[in-house]
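For reference, the structure I am asking about is given below.
Chain naming follows the written order as A, B, C and D, and within any one chain the residues start at number 1.
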């Protein structure tokens, strides 16, 4: 039976990579459905994402590819399946709600295994969609103790491919972030790297900007400085107070976050040198 | 000495094309600098643009590629050189001026061999840039007779790679268009296919649109219906009269036209089934 | 007790209108919180929207304004209240879902009195939000008979301020439209007036456009030609098939429709000569 | 004979301002052609720009307005005339060239009294347009000494309404800036406040952003932190090196700068608390 596979390659650039890879596909009778390559000349890195159809012994294919590719290669051969994701939120519903509606419509190639929040504000909304909701209150706990409880909650949910911070308003510790490297997608309510830190809309109002935006990025241990996945903006004018900016900004936030999630679920994102390559 | 070549391939899709092409590059010791492929599944067409460096016998390379590619193939092997272009205009200077300023800055990989107009309005501007200006008045002439004179003027300018209609306000006959198939780039002052025909801004005003745009496209024999190369838009509101739209629209027109020209000069545009594939 | 009022004025333009209106506000001790005026010079029409605070005898204020304004005036003095709206949909959930999430978050100054659909597909989704869902199937009925049943359903819902067609895929008859003039807001899945009619995304694909969009407009008796309220676009490229356009287009559709609805709920839209003036 | 006047009012907000101002217009028989008001509630400031036609004793009108307006008022009564502007540039021609082409087309309501540069690179271009070009080299001079020479050059050019820094790559001292408060318009090649300082495109590349932009702002004594007039952006992807960003960014820079200049020439910009109000 014909299957589809996604092959993701990231390695040092050298002559003949496309030839060597496509040669293996050809001789294994795999048909290329789509193919993207990019060479980052600054860092001398080669990136390739192929979608092929055919009948593959995935392990053998992987080994054959590794044999011809540079030793530093990161290689994935993926038979697409529903990814398992966890959503984290606090009190605002727009980004979370946008994902829930898409989920209900079958638009996401994923299973939402649960929503975790430090408040129970959104429990009523999430429960409508028959998704488990876990309130892990931070009250009376220091950051580490709270995170420990969140981590316990998460580990009870089984394997997780991506964690989506849908306006989760708590800062994560390095300990937490390290446990989920390049797996936590956050939406920052500004056009990064402008307005890093608290209340970006208030900062934007005071600076008198004419455009506001949102940034979806992977979380790393430098707050608001992880690899950027997607950004978008809207034009505003002097008549917007900061709450107006916030209200209008929510539309950008939710669309940008959902787009980043979709890219992740389709295995389209490579990360190198704190930058993303997206096919 | 190491040269760069652009290889453009357009043919029916079949298994192994990437392998066959990259194999030839590899065995001829050509290094792939960038590579783009796309399969149009609706029309079963394969498109590929590679930039390679190395030492190539272009004729031999071409023959070897043709030998392995489907018989319907359109193949180009190009050693980049300054393209020869002609600009055509009428009275408005914004689109023409934008190209002239870029040309003066050395931004265009092209030689402007002349500007042809049916009025002498822009002669003073063009002459500042030491570019020949040819007024071919249409007064007293029917369309065919006027075009005949334009064609004579053009043929006196030698080989032409692209003709750029920078707000040339005359309709071209099929005879003229056929002589320069996929070589005439026009800027249409609307977001095609909306507002085909005369005075699109007036039409847009009357329709009460909230966004206006511009479209750069190749000219074919269906007026305003040639393959689209680039489009962009700006937001407007009820306070814009049609002349305000026109004024604001000019900024979009000139940027879109210059972008389309740049894509053409870099051999990035394929045309098939009245659509463009752009790498 | 201090209340807020919205005063909407639309009349022939003449000298002194701002003076006369602001004079009445001043002498009635009403404070102007915001004020917008526009003169449509093409049609010689004056539009004004003021938000004032104070204590007003609304009937007396209205009479005093009418006494100084031209005889053709359309005047509204509105003490803001939750508008009563009905949503109509067919099978797609994105536009409807976006409104439901906003509604749940208390973002809409409205009461959704019901959702009417010609299929029961979205009943499960709507029911999650405790909003009455009415399936009025069109099967076996001609257009008039089906609409008659829809009208009966609607009239059972009481007074309605706005009807929102959130991807309702049925064409309305003049009889229906006349009953709700300038009260039916539709989202059209193209950048009107491009791609009027059936399957705009397929049309857009075939035309090879580089930008797609969505248009929210009031419905009138010329299909897809009612007054435009809001439009937006996204950039696409040759790699988008028409289903990809549709998928990406949904994000634009829902945001544009929700924005139009918000403008309507805040009494910011004037209609004249098939165009909108929006403050 | 009927003239047009622009009346600009900026003062503390209080009840009755619109009434008092429009009353004066009415009794002086001045017809309001357009009218914009805005109240900045954060700072309790009222802004109003009216364009009126009629026959006015400007001095008397001004006095009458001052008599009814709060004591902190900034009031301008302007009979539109061509503003006198100076352009400053260094080596890049795109922003300067865009202004020159508009100037040649009669699009700017201004007289360019000269172009000042610290290099002679752009002299050939500027001379084509019969505009005086002044090279004031900074070589061998410290910042103060160089600026002193620039100031001498500027003062030889007579009264100046606006100075436009069209990619002038020198930092101005407080002494210079104070001499031209809210009269110097700069284009910053980033989406401020992101990437303040040197080589914003390189910074943007390293941060891996997906959108780049440009900001036109008045210059004040905090480098890159003056009141923002206009901003715009373009989408980019991982394939853009920083020089590609720079090349693409130039299109945004020039359009944004020209738009800011147009707004200034039409007296549409108010400045308060480091923010602009733009009608």
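Simple rule for what comes next: a residue touches a chain if its C-beta (ideal position, glycine included) is under 8 Å from a C-beta of that chain, and two chains touch if they have at least 3 such contacts.
Because the structure is a prediction, the values reported are computed rather than measured.
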item	value
Chain pair showing more contacts of the two, A-D and A-C	A-D
From the options C-D, B-D or B-C, the pair that copies A-B, where over half of the contact pairs coincide	C-D
Chain A and chain C: spacing of chain centres that average the CA atoms, whole Å	35
Euclidean distance of C-alpha centroids - chain A vs chain D, Å	41
For chain B, residues that touch 2 or more chains besides their own	none
Chain B contact footprint on chain D (complex, rising order)	92-94, 97-98, 100-102, 104-105, 107, 125, 128-129, 247, 251, 255, 258-259
Footprint of chain B on chain C - complex, ascending	38, 40-42, 191-195, 206-211, 213, 227-233, 237-239, 241, 274-278
Chain D - residues contacting chain C, complex	15-16, 18-19, 22-23, 25-26, 31-35, 37, 39, 235
